[in-house]
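In the two assemblies presented below, chain A is common to both, partnered first by chain B and then by chain C.
Our next item is the complex of A and B:
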């Protein structure tokens, strides 16, 4: 592999990071109200949200990409490949983050609710001061694991022509017929990319844990 | 809605169904083959990362980290487009099975390992106190208890493997997504054709996820006894 081809593949790195980051950001924001709706006391809303979450999760990511890029693209809204990928992965990330937040909420001890009621906290204060800080702390490891999974899934965006790592690797492999080393390098780049995320998550967890007295 | 459906009729959809059904069977076949190879492989990896021999342990660890760390799509392309460079040409279906089995093996090894670790340490001590061989201890005491813990997670992973077969589109296996894409690109019925493929996935995955949560509840009830 020459320096030129290596640089060409590496130029996909920012695209992979941007795609993963934007989708994760969207998912982290939208996932929260989704989690609240999935636990709502109002039954129709709860059933609808739970239904939507399991529907989105049961369709594979590549199909969401195609539905949004080709399906919507051929009649309704035409998006660039990159924006279609952000929308598709954002949607998938939102339902998965909702599940992760739900796991974090379940982990909160019931006594915390009782204490908040005893102290006459409003619902807003209950969430802002008691539930959310604890939920976030519990959710961080699973969110980081999910972020790494999402980063690997973002390789699927190469099928609609987003010029990220896997797409560039594919191009070089077709041009040079040196698939063995090209795909090995691309695979290694994804593994290397996941290392700092895992380290960051450990650091964040340690930092947040230090603030809590046990 | 009209803009999305592009005037597709029920007649069209009915004509597509045989093709979709064949694609669905291919997806199911890849899933079953990959699970049949991948789960025993996961067992080997799970035991391999615990053996005393350093060379074997590091090799297993390396394979597990590659199988879990590299995207499934890149693994598929590596096997299908890359291995021919090393003189190993395989067909698309075989390549799909090899790559997904390896991926399955790497992921399930972690599931199985955590299942085996969930067996209380006293069980292992009892095995040693009774003078059982290491293998007999695994075979009769540790594995039967560990696998019970791992089964719900393994079932859940089986659903992900079925969804993962959709990536075989990239190496031209004629599975569900490929069929939908072909109809979409030939007749320009992208949205309806992809929608029908989606129905196949939903029809399998939603009932399957109910089975998984049932298995989880049952396993939970077992461990509380």
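Our next item is the complex of A and C:
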């Protein structure tokens, strides 16, 4: 493999990171109100949200990607391939993060609610000071696992021409007919990307798990 | 003339589905009094205690605390609940400290959020209270690093920090081994001697007999005995109370 092709593949690294990072950020932010709405005492809102969540989850990611890029792209709103991929993966990340947050909320001991109520905390303060900090701590390991999965899934964006790692690997392989070594390098890069995420998560878990009541 | 009671419950009823947990319970507690509520598990004593600060909503009856009456069976207004709970501190069987905050923050944060106290003032109050329960040296620790007895004493300090008129204790020593229970009971005894009004659901007969002024025995959602604690515990009248106390003493 020449230096040029190596550099060409490496240039996909920031694209994969940006795509995964932006989608995850969107998901982490939007997932929170989604989780709240999915637990709402207001039945129509709850049913609607639960329906949307299971709908988004049951359609394959590649279909969302095509729907947004080719579907919306043909007439409704024109998006670049990268933007379309961010929107599609952001949407999928949001419903998955909502589920991860829900798991985090369920893990909180009911005594935490009772103590806060007996102490006269407002609902806002109950969430802000007591529940969310504990929910985030519980959610970190599952969110990290999900982030790694999302990063690998982001390779699907190569199908609409986003020049991320898999796309570039594919191009080089077609030009050089040396698929084995090219894809091995691409695979290695994915592994290298996921290692720090997994390590960070383990560290965070070790530090934070002790500070959650169950 | 007899002073008006700080806590007065009239005709409290509570059911879960078809199961009646509280059947028309009355209760009066004067300022400075310590009342022990004892009885077999499932007798409704914890539910009764939780009705006082509306952690459970009574189906009917009236809860009056410090002059504020809240009628059961209706949805109480938010400011009524706030006022009611302002007068009441609560200590739970499972401590329920906030595990993600230091001991000091556990005691200070409610003062800041609920009383609007400045952080420095809240910390000063917290340190005094932690000192009073013998745990000033734990202020910077996290609750997870403290023993159960220490956690419960911190929970008492946290409740006291909001200047309650009445302290409610829901089996405060039941989750503790006997030695750790003793250190909690010592703090509670000290609190009783300082004149705090206390309602204590407990299985600790020693505390009920020696520290509390009055005792109430509950069974099947009803009060079966009430009176000066020594009389109630040494010479109960009803057959059900005799049976319960014999079972306790045989342990």
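Quick note on the criterion: the second predicted complex is superposed on the first by the 205 of 214 C-alpha atoms of A that agree within 3 Å, B and C clash if a C-alpha of one lies under 4 Å from a C-alpha of the other, contacts with A are read in each partner's own complex, and residues count from 1 in each chain.
Note that in this section a contact is a pair of C-beta atoms (placed from the backbone, for glycine too) under 8 Å apart; a residue touches a chain by one contact, two chains touch by 3 or more.
Predicted model, so just to flag it, every value in this text is computed and none were measured.
S.K.: Going by the contact rule set out at the top, does A:156 touch chain B (first), chain C (second), both, or neither?
M.R.: first
S.K.: With the two structures laid over each other on chain A, which partner does A:63 touch: chain B (first), chain C (second), both, or neither?
M.R.: A:63: touches chain B, not chain C.
S.K.: Applying the document's definition of touch, where does A:107 land relative to chain B and chain C: first, second, both, or neither?
M.R.: Neither partner.
S.K.: When the two structures are overlaid on chain A, which partner does A:115 contact: first (chain B), second (chain C), both, or neither?
M.R.: After superposing on A, A:115 lies in contact with chain C but is clear of chain B.
S.K.: Classify the contacts of A:194 with the two partner chains as first (chain B alone), second (chain C alone), both, or neither.
M.R.: first
S.K.: On chain A, which partner touches more residues: chain B or chain C?
M.R.: More residues of chain A are touched by B.
S.K.: Contact-wise, after the overlay, does A:125 reach chain B, chain C, both or neither (first, second, both, neither)?
M.R.: Only chain C; A:125 stays clear of chain B.
S.K.: Which partner chains sit in contact with A:137 here, chain B, chain C, both or neither? Use first/second/both/neither.
M.R.: A:137: touches chain C, not chain B.
S.K.: Using the superposition on chain A as set up above, list the residues of chain A that contact both chain B and chain C.
M.R.: none
S.K.: Which bits of chain A are touching chain C when the two form their complex?
M.R.: Spelled out, the residues of chain A in touch with chain C are 109, 111-112, 114-115, 117-122, 125, 129-130, 133-134, 137, 210-213.
S.K.: Looking at the complex, which residues from chain B come into contact with chain A?
M.R.: 3-4, 6, 65-66, 69-75, 77-78, 81-86, 163-164, 166-167, 169-170, 177, 180-181, 184, 188, 190-191, 194-195, 197-198, 201-202, 204-206, 209
S.K.: Which part of chain A faces chain B closely enough to touch in the complex?
M.R.: It comes out as residues 54-55, 57-63, 66-67, 70-76, 152-153, 155-156, 158-159, 166, 169-170, 173-174, 177-184, 186-188, 190-191, 194.
S.K.: Would you pull the chain C residues touching chain A in the complex into a rising list?
M.R.: Against chain A, the touching part of chain C is residues 53, 55, 82, 85-86, 88-90, 92, 94-100, 109-110, 113-114, 142, 144, 155, 158-159, 162.
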